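Chain nomenclature is as follows: A, B, C, D, E, F, G and H, assigned in order of appearance, with residue numbering initiated at 1 for each chain independently.
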Amino acid sequence: MGTLKLLQGNEACAEGALYAGCTFFAGYPITPSTEVAEYLSRRLPLIGGAFIQMEDEIAAMGAVIGASLAGKKSLTATSGPGFSLKQENMGFGMLCEVPCVIVDVMRGGPSTGVPTGPSQSDIMQCKWGTHGDHPVICLTPGYVQEIFSETVRAFNLSERYRTPVIVAFDEIIGHMREKIEIPDKGVLEVENRKRPTCSPAEYKPFDETKGDVPPVADFFSGYRQHITGLNHHSDGFPVNAHPRIHTDEQRLIRKVEGNRKDIIRYETFMLEDAEVAIFAYGVSGRSGKNAVEQARAAGIKAGLFRPLTIWPFPEDEVAALASRVRAIVVPELSLGQIIFEVERCAKGKCRVEGIYRVDGDPITPEQIFDKIKEVK
Amino acid sequence: MGTLKLLQGNEACAEGALYAGCTFFAGYPITPSTEVAEYLSRRLPLIGGAFIQMEDEIAAMGAVIGASLAGKKSLTATSGPGFSLKQENMGFGMLCEVPCVIVDVMRGGPSTGVPTGPSQSDIMQCKWGTHGDHPVICLTPGYVQEIFSETVRAFNLSERYRTPVIVAFDEIIGHMREKIEIPDKGVLEVENRKRPTCSPAEYKPFDETKGDVPPVADFFSGYRQHITGLNHHSDGFPVNAHPRIHTDEQRLIRKVEGNRKDIIRYETFMLEDAEVAIFAYGVSGRSGKNAVEQARAAGIKAGLFRPLTIWPFPEDEVAALASRVRAIVVPELSLGQIIFEVERCAKGKCRVEGIYRVDGDPITPEQIFDKIKEVK
Amino acid sequence: MANVQVNTAEKIEATENAKVKISIIPRYCKGCEICVKLCPTQVLGMEMFLVKVVDIDKCTVCMACELRCPDFAIFVDKK
Amino acid sequence: MANVQVNTAEKIEATENAKVKISIIPRYCKGCEICVKLCPTQVLGMEMFLVKVVDIDKCTVCMACELRCPDFAIFVDKK
Amino acid sequence: MSERYEVRFSGSGGQGLILAGVIFAEAATIFDKINAVQSQSYGPEARGGASKSEVIISDRPIDFPKARAIDLQLSLTQESCTKYYKDIKDTGTLLVDEDFVKDIPKGKFKVISMPIIRTASEEIGKAFVANIVALGAITALTGKVTIASVEKAVLSRVPKGTEELNKKALKAGYDMAKTKMN
Amino acid sequence: MSERYEVRFSGSGGQGLILAGVIFAEAATIFDKINAVQSQSYGPEARGGASKSEVIISDRPIDFPKARAIDLQLSLTQESCTKYYKDIKDTGTLLVDEDFVKDIPKGKFKVISMPIIRTASEEIGKAFVANIVALGAITALTGKVTIASVEKAVLSRVPKGTEELNKKALKAGYDMAKTKMN
Amino acid sequence: MSFNYDQYIRGGKLPHIWCPGCTYGIVFKSLLRAVDFLKIQKDDIALVSGIGCASRLPGYVDWNTLHTTHGRALPFATGLKLSCPDKKVMVISGDGDATAIGGNHFIHACRRNIDITTIVLNNFIYGMTGGQHSPTTPVGHLASTMPYGNVDPNFNIPDLAKGAGASWVGRGTAYHVPALDKLIIEAIQHKGMSVLEIINACPTTYGRRNKFKSATDQLLWMKDNSLPITAFDKLPPEKTAGKFPTGVLFKKEAPEYCDTYYAMVERVRKPKEGRA
Amino acid sequence: MSFNYDQYIRGGKLPHIWCPGCTYGIVFKSLLRAVDFLKIQKDDIALVSGIGCASRLPGYVDWNTLHTTHGRALPFATGLKLSCPDKKVMVISGDGDATAIGGNHFIHACRRNIDITTIVLNNFIYGMTGGQHSPTTPVGHLASTMPYGNVDPNFNIPDLAKGAGASWVGRGTAYHVPALDKLIIEAIQHKGMSVLEIINACPTTYGRRNKFKSATDQLLWMKDNSLPITAFDKLPPEKTAGKFPTGVLFKKEAPEYCDTYYAMVERVRKPKEGRA
């Protein structure tokens, strides 16, 4: 039996990181994510880990990558403005295949916006925020318990695929307290990056012949290597205008898109016979569940698709859904973002209707229920 | 008759800015955009304008906004890594409705990537790079002459809609030299932001009752005002968790999405009777044109849709196209970005096929022609 | 110049004697007690978490309270 | 230790006399002329944009050339 | 109890009401094993102005996490009372501090007035335990969470050395409310 | 001329070949009113290593901007010659510096060898005008752009005071190539 | 004695959002008196800030005011100033805003010596976000992200400004109000980048956590632990240990940035006599 | 005399990409000799850089090397060092990388006094991007973005480092090679943040534009315009005008960051004796 605690979403995130073996945190305070840092500033020293508050989010992201290259499981947490600042170095992490986890607790935006208000309006930025092509894994828990477990999963995926993983949730779940159970050690799987078994002389940090996820050697472990944010050959050294760039960037994308089965996770609720589906994550997913209950009570066959992995996007699942429901309703705390993806995958096979709200309050079950009635 | 010059794309961009009345440039050097700055560092002092090289791209974006608030038409130019860094302050410009132009000369990425190689892989970042919901206008010229004219248009749109406008083109066009004609003064329309006519006491910087684009007063002009990156009331002062946030952010989006007719511009080539359409911008659009010629020569009815405005996305146009062609081919110097939008708008009505290339060379007409043959 | 400092729209509680008038804007006072503790002659006190004048006759018009009130809540005018 | 400094895979042009051996790696030399100009005794010269030894007997083994060659292209060994 | 029950603690920043809400939720979830969600107002208004902390309890899982139909609202200041009372259900209760909330808003809900802060400062001797006095009263008024659990939760959250003080405060509030309920 | 014609200037960074390409394109577009696109290699290799500048000329608008089938390639260094010769058409021409390109690559294209750098340093007296000597030769060999236009373009781009020097260099290259063509 | 603050405060904006005992209000009043003393017209002055409690100040004052992004006030202000070199541009910032995330802009504005009066309200903490340690939190003190006592060494803000090239550097406190008025006046009068650090109390997130019973105690700490630079410089190290100097700490003559820039513009725009 | 560079240079990587006459290669050799002298094992040292010509150095040397984003070497290095406090971590950077875009990380690493040896190759220009002015381009000199002569005042890098809190600050030149070896050795030996500025020549983008006929002229300029700090300090201002001092310019004892951090960790992990 694990330990029961009443925790904020942000605290659960920190607990998840610790469970997953995180020993390094670098960050810069920002509402509404700061509690992740505060919690870890108390806990990490107690296990001999490192906590450092950097001069800004750019530096925090850099330090996290540096620590990961030294072999540490590393975390940073931020919100909109800081997430924007991290983008350049996140791209470095993606290109150089550095495992690490980035938490974005979404607040009202753009710009400073409403620092204490909830939103889900960074979700497209999670995918497209940095320049260039890049692989993205992004998880979207909706309950405090899920923040814990998805943070553990984020670390596992980041180690498994050797890539930064984003965990994104809204201010409401980040700040709200619920009971959670922290499983005993060993109950949840904890994964570590594959390290090289070859001799240092043979080792190449980006050796695609070793599979789409080449083993990664820690700095100072005897496997001397060169890591650069320039496009590079398998030995890590720069490459200029060369077919290698194309094939290597394809590999990076394939690592993620080619492993959708393993990465994509979602919850469905009364979806089997549904005629109207709700596609919603985070706090909107919670409202969605209540809306389904209301609809069913009123005799309407509604169901919920609640993605826990938003990137890679559950394309096949949404496509399949679109072929069998009359409409998909997409409630978002934004003016319409993830609905673009739903529309794309629905390919015109069913109606797709958004519900948007950015006034600082969550979308209510009634708002969704009304829309269900409208489209049913 | 204007003046004929042999200019680099980047130089033409600088000439376009000068033509449009730009008197302020702040930047930070980065390949392959630096020539925009270098050219203006020579020219701006000669007309009494200001050129400043800031400490980084974040600062450059801030200075550009500051100068625009003082009433100057302001420009910055950068490439991928710098574009990522500018995102936070770009969001400020969008929320605070500050006219200005941001040039992104796209290079190979992500991260440092291939600084001197071309790409079109920031195009989704142009739309989603900053956190939160935000309006985006982004123009994508494909010829040096167009870089000139679209830069003029970017300034006009930015003044007309009181919002930052992005001009995005690839390294190839940025660095290549072609003959261009710089029209005499007065030939191209040059537009200035609407300034208030009411008394200072009555003035509210974000007064939605004055229309979707409220007049903008310059700092130090007697209209004292408060500008903040927090969500704000019509008088400019912060608002917290309030329906106003929703309606005001809707207005920002509507400014752009509601004026698609005015903002969207594109070229079509042999598209009327086409059975296969190519959707391509920038250097890929140029190859597309040759590919159409090759296809027509081979008796295949191909045509080209070449957007000069990529954001807002020409949704209706693509939807209409999808209903009448067998396939849309989307060549991109990326691993597939704008194709997501094409797919979304095509709603399954026709095949949509991408051609991707990120090895440092442009997509050739032959590559496109081959694909045309495949899908015809 | 007396009194111009006080926002005319706000409710003011004035206490005065022949030499001095102390004006307090209750809506502005946040009860931080800075003025109370820094008044060298204990002119001021607290009531229900707000400042009040306890003994105006001890006031030396040293201005310590007005200068260091962070909330524009207390003003002292020499007569 | 003599000569270990020179990348064995590279072609070396060596010039020597009884006291000194000057080794040049032509593929590394970029012809910047730093060594030529800083040599106090005009031992070195340029040919087809590359360094060459003109008069080895003037060499005092002062090492100025080796120390300041930026390109690992010239090495001086005292015998 | 299977129904959703919403409690709101309101007052001014610094009165410890967030802690009170957290303790209440902890008593419910960890000790009484029922479901609870606690949330609070963030934002500049939490500095000085009105602030609130909300706890929703229910036997069923709680999905929609926001309190909208308040069963019981505590208000320790006039400002918070005026700002937040509108969400109180017709069948709900408004509990106010007798000395600091003079202007009782009109509504169908029941109003209970008690000298919470005065009790803390005069009876217990420390104004800062007013939140615990209030928590005692709320425990009594809701009847949804046992006072034993609340006491356990209090003791696990307050600083060492203040346990007795807080126990006294909790009991004082609980007893005071019990008499009011009769 | 209606066909696309591709010229490549190659050598090492610092030899002024980019300028030569720009001048050639300017002569074509501004003075001869035909279409041209000029581009060049950027990148770390432009520092020191092989570098190139390309000009495409055509009567028709030029859409695809990259040179792929070279009609005429100049190579002033061995490295640039070896690196880039593969794109030369079978019907094309490779023009090399006699002293610096000893190892002539095999191919169906025609090869012309001239002492370009030596002419610049010995005949004109300044090694740095080698690019203009080369430009003169290229003007002669292509025959697509008039020498008068190229001269105008040269004069509009070179530093004040070096006009005569450059005119002489241009003529020397032009004449030298003319003799080679006979 | 009484001063008419109302003329500068935007109608209906008081009470301000700062906590009870937050000394920012004291500094705010001082700033208004200083600008009034200098007879700068409301339309001719801009006040720019970043994000933080300190950075909320501009919202209250009836000038041209600009509340930018965290740490970025100086770049925005630079754009304004270079566009309108004859106007007065001021920046108000917190210790975190100016020296943590904004550190780069801070040193570069100092380097350029652009005529922006920059006031840094140092309360030794990130107030707005709830009390995380800043680059000025004293070593050993508690912060929400330094639960075991701060291990991060500090910036000395005046030293940093001077090392970066600022031409006027001073320090005042929220306790020494009349002296503060004079310092702000002098900082504004100085042509070039002037940096004035003002020591402040954040009772909510720093004071309480660090055993200051009240804001007043923090003000009295300023009184007891500071010395005017004139006195400070004369005393032996034993006597100044643990104390900090106040007043004008550094001053030099140096060309102002806009002046230099526009002189260049004038030079290159002149018809080039004696040249072809 | 001859030194075996091959043991440290990655096979097949020479010739390096730097231009003819670029003095970075001179410094590179000096660095290798210094690290060899200190007998630091290849596996125990990491060299981290940002972006720029200077930042290309790590690619050539057979240590653990990391070429990060522009200006960000120090944060990455901080993550490495705090994770492996017993390893040697060095940063190599250009004037632009370290003090323009990277200025904030630079001053914060100085403030923390983290044990990272930071070498700044100052060539007075942004070399990699083709010669735009940097924060160290002398006033009046030409740059591709200062066609009428630079109007931007400069950082004095040692002053900046000292003002920010670095505990060891030095300056060398590419001309004074034996002295440079010693300075690098001392910088590495120092425990804490050490900043060594090394004056370099970029003939391609700075020298040629500014009337230096060749790299050699730039090297000779270093010789003629520098003075060892010992001599510099003794001379009257007339004699030092226009010259810059070299050597160890500043040094102090201060606790190192990782030491302080892990001492805290030790303290809080100990069973709390004498406590409840």
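The rule is simple: a contact is a pair of C-beta atoms (placed from the backbone, for glycine too) under 8 Å apart; a residue touches a chain by one contact, two chains touch by 3 or more.
Keep in mind the model is a prediction, meaning the values are calculated, not measured.
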For chain G and chain H, chains touching each: A, B
Chain of greatest Cα-centre distance to chain B: C
Two chains sharing the most C-beta contacts: A-B
Chain B-chain E separation of Cα centroids, rounded to whole Å: 54
Chain F-chain H separation of Cα centroids, rounded to whole Å: 42
Centre distance in Å when chain C and chain E are each reduced to the mean of their C-alpha atoms: 35
Junction residues of chain G - those touching two or more other chains: 18-20, 51, 67, 69, 100-101, 103-104, 108, 135, 148, 152, 261, 264, 268
Overlap residues in chain B, where contacts from two or more other chains coincide: 31, 45, 55-56, 58, 81, 88, 92, 111-112, 114-117, 228-230, 240-241, 361
Junction residues of chain E - those touching two or more other chains: 43-45, 48
Of all residues in chain F, those that touch chain B in their complex: 22, 25-26, 29-30, 35-44, 46, 62-66, 68
In the complex, chain H residues that touch chain G: 100-101, 103-104, 107-108, 111-113, 135, 148-149, 151-156, 159-165, 254-255, 257, 260-261, 264, 267-268
For the chain D and chain H complex, residues of the former touching the latter: 1-10, 27-28, 30-34, 37-38, 61, 63, 66-73, 75-78
Chain H contact footprint on chain A (complex, rising order): 24, 26, 45-46, 48, 50, 52, 54-56, 58-72, 74, 88-89, 92, 219-222, 224-230, 237-238
Complex interface listing, chain G residues touching chain A: 51, 67, 69-71, 100-101, 103, 126, 128-130, 132-133, 135, 144-148, 152
